[in-house]
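Attaching a single structure in structure tokens format; questions to follow.
Chains here go by letter, A, B and C, matching the order in which they are written, and residues are numbered from 1 within each.
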Amino acid sequence: MDFVNAIILLLNYIFVPALAYGSQLALGAIFVTLIYGILRFANFATGDMMSFGTMVTILFTWYFQSLGISLGFLPTALLAIPFAIIFMASYMLLIDKFVFKYYRVNKSPPVQLAMVSIGVMFVTQAVVRIIIGPSDRRFFDGEKFLIKAGEFKEMTGLNEGLAIKSTQVITIIVTMILVSVLFWFLNKTRTGKSMRAYSDNEDLALLSGIDPKKIVMITWIIAGILATIGGALYGLDKSFKPFTYFNNMLPIFAAAIVGGIGNPFGAFLGGYVIAFSEILLTYAYKKFFMYVLPESMEPEGLVQLLSTDYKFAVSFSILVIVLLYRPSGIFKGKIL
Amino acid sequence: MAFFEGNNMTGGYGKGPDIINSCSVNVERGEIVSILGPNGAGKSTAMKAMLGLLNLKSGSVIIDGKNISHLSPQDRVKEGISFVPQNKNVFAGMTVKENLEMGAFLVDNDFKIIIEEIYNLFPVLKEKKDQLVGELSGGQRQQVALGRALMIKPSVLMLDEPTAGVSPIVMDELFDHIVKVKKTNVAILMVEQNAKQALNISDRGYVLVTGENRYSGTGKELLNDPRVRSSFLGG
Amino acid sequence: MRKNLNVIAAYCIMMGLIILVGIFQSWNIALSIFNLCLISAVMTMGANIQWGYAGLINFGIMGYTALGGLAAVLISVDPVQEAWSKGGFDILMSLFLIIIMVFVVRYILKKYKKSKIRTYSIASIIILGIIIIRFTAEPGIEAIEAVNPAKTGFLGGLGLPIIFSWIVGALFAGVLAFIIGKVALGLRADYLAIATLLISEIVIAIIKHEDWLTRGVKNVIGLKRPAPYEVNLQQTDWFINLVEKFNLSKLNLISDLSERQAALNQFVIEGSSVFVKLCYSGLFLVIVITLLILTQKALYSPWGRMMRAIRDNEEAANAMGKNVVKQHLLIFVLGSAIVGIAGAMLVTQDGLFTPGSYRPMRYTFLIWVMVIVGGSGNNFGAILGGFVVWFLWIEAAPIGLYLVNLTTAGLDNSHFLKVHLIESVPYFRFLMMGIGLLLIMRYRPKGILPEKIEIK
């Protein structure tokens, strides 16, 4: 029985939250990797673009709520996301047209594009803060828990409860669907393959008659979808605060590089690698050991490898190690 | 009038100096024509000029009687001109089949038939169709590159040093493949370093020196020309 | 000569703007802007050495700034004797262990050839070492943090004059840059940017959470000053006399004696803070000018020429026998050390160390905007960039407010849009920075004062 309790404990505090957090990071990481693979620059505006998409989602959610439209036990935000995506994709295309296109046409070095993305980061951050303000916002409505800890305890008769938030389940399901569709698109459709070809060998793609303008446009649209959904899921699960989103750029970059930048599947896995290592290394295992070890061997301290203050530092250290030993990422495989 | 011809082409890259001067090259369908010459003679440049990768100051490029001097490379591809670059001529991160598919990007109708034709031409590609091209050997990669270029059913195929960096055995094999391609009534224009072997399979050849035509003639004539032999074929 | 005229004109306009602030807002504001402009200028000079001279991207500026700040604390605060007696031994012991660990790893690296076994054994030594060090340090840390946590709770510093920290800050930053450079400089430009950004976050995480050393988010306040305190000045005769002299014309207009005294007191209070700021300005100017002379000398020395050669064509420089890796490391350390000085200067001026305030927007990206806007590769440009951008960063809110009032003049004062926009005025600075950066990058990619290419 103690053993089952221990497993439930790990599920509740490590596995489920890490899976949800990892999914949110994965979407962001695929976004970074797509931009890097096809448009060939490190996009420092990633976090703020996600925050922009989330902001639009929130505005639409409020609008629907004011109209009295809801999805019952599901959050209204799910209904708002498609509209937000349209808005977001237009915003991305607009930025591309007025900012990035010039440098792409002039074949500027990637570093310059990265600098330009910092300009976009400032502007986007300002726009978000001017429109919705810098404060913490929750826009979740609907049923909060799928399983409550108490109910679970009653149901199973165990000491440990397993609480599953509906946002966690929504995050995981939506991510799985989105990522499957994306990989199907990249690997099976002609347009998707031409995107991979463009990312692989730009000159040869041009010689094969692939239209770069179309590729760039589709890339920004997909990026808009990923940014909006990734951001909105994070916001639903935790809360929306522009500054947090800016900071999230860092573990997202870590995930993309750990997975091998330019490799979407690697980025997807990278998200989970980062999420799990952050949570595994900063979790206090005292209770876990109390269940699995005999009473005489119970640990005195918290049995925590690192204090939770160092959560971010964990992912960054992983990144630094990966950069030093395997700059191409830990997952081999097809590039974009 | 030959099927595909570049007449009196003069130009260079960007604003740099002229690399080719009044250089003329032409090729008929079902013919292999080699462009030879010492390093820096402008061989590849002449070919790239015909593809539209550099702006010509003067001269013209004509295919089947149509002047295409002002078309972009992409539009020239649509006219049936296919090009295999010397380096990075495959999509290394994609499978053989996907490479061929990308070659057929401009083909509207079903390309599966063309793929089958390519497989017949290069049987090894059928065996490895689901393998990543980056994992293939050098000779196989060159076959993928050729196959990709043939997917648009080109009337003109331009090859930039197709045998650079492969072993002599593979080179012979590749030349065999090129001859096979020629038999499908394609005009083949190639730049080669291995002049002797190239001339052996070529119908005609041009020798460029400092961007200008120096000698030209059939493959046999050039092979037997003492001047050409002494300066470019190593005696 | 025309080029030099540009520089002079640009600087005159900048000084003019600051003087305008002095006249229309207050001299206090003008001077605090000016002082921070000087500190920003030091930071941009550091970044400019790395980016403009050598083409290295360093997005870790925040980390070096914070280390400089930490140096100010460790140098100037008096040592907390009780904490030292309670936990000092454990900390010293851990330090000793760290040194031993580093030497063991170095020994293994030297003695054995590269192999899997070597990698794994080094990894296990490090992991084992960290565990042992944690166990050694834990009781000490707890004891130290328990010593009067509301006031100290850390080891304190050396109790030396804070000015020394400017050198020590440079040293700290230089050492960190040496370590980072050793491991990360081989990376591609954009990877280097990301890696340095993340490493600087790690540095901040450590500073924030190792309370025994830095007091963490509890902040360290009341650092000793190199300049006089306002309160003391206000009671010093010569200062009061000085203020009286300066404002004699205004004071003479007041006939009533007690009113005159009150006015004088007011002047003295204002004057004291202006005077303190002026002291800082003097100190900072010395640093900026010294650094400017040194960097200019370096730029036009054979070494500077070599650095530019490496930047413009690394392979060619390498082929000519220049040790690119070594030079990159050197310049990375030098640039970071300069940023470290700026970090120490900043804390010196503020008199407090707040680890929570180190954010990448302010301390990394804003500095980069300064470098790009000013003109990378040109020291005068970098300094000007620091001035212009900091000035706009501070004055963006008033300008934004003005613009909002102008555009919404037709709206009622209680109109929700107007209220909302006025509330959002602080964020106009981000908008201004972003648009400014984008415009400069598009239309003047070499910055306001571009790098001069001199042909001799």
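FYI, a contact is a pair of C-beta atoms (placed from the backbone, for glycine too) under 8 Å apart; a residue touches a chain by one contact, two chains touch by 3 or more.
Because the structure is predicted, anything quoted here is derived from the model rather than measured.
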{"item": "Touch-based graph of the chains, sorted into line, ring, star, complete or other", "value": "line"}
{"item": "Interface with more contacting C-beta pairs, comparing A-C to A-B", "value": "A-C"}
{"item": "Intercentroid distance (Cα basis), chain C paired with chain B, Å", "value": "58"}
{"item": "Centre distance in Å when chain A and chain C are each reduced to the mean of their C-alpha atoms", "value": "32"}
{"item": "Centre-to-centre distance between chain B and chain A (centres being mean Cα positions), rounded to whole Å", "value": "46"}
{"item": "Interfacial residue positions of chain B with respect to chain A in the complex", "value": "73-74, 77-78, 83, 85, 88-94, 98, 101-103, 105-106, 132, 148, 152"}
{"item": "Chain C contact footprint on chain A (complex, rising order)", "value": "41-42, 44, 99, 102, 109-112, 114-116, 118-127, 129-130, 133-134, 246, 250, 253-254, 257, 307, 309-310, 312-313, 316-317, 319-320, 323-324, 327"}
{"item": "Complex contact set, residues of chain C against chain A", "value": "57, 183-184, 187-191, 193-195, 197-199, 201-202, 205-206, 208-209, 361, 365, 368-369, 372, 421, 423-424, 427-435, 437-438, 441-442, 445"}
{"item": "In the complex, chain A residues that touch chain B", "value": "190, 193-194, 196-197, 200-201, 203-210, 334-336"}
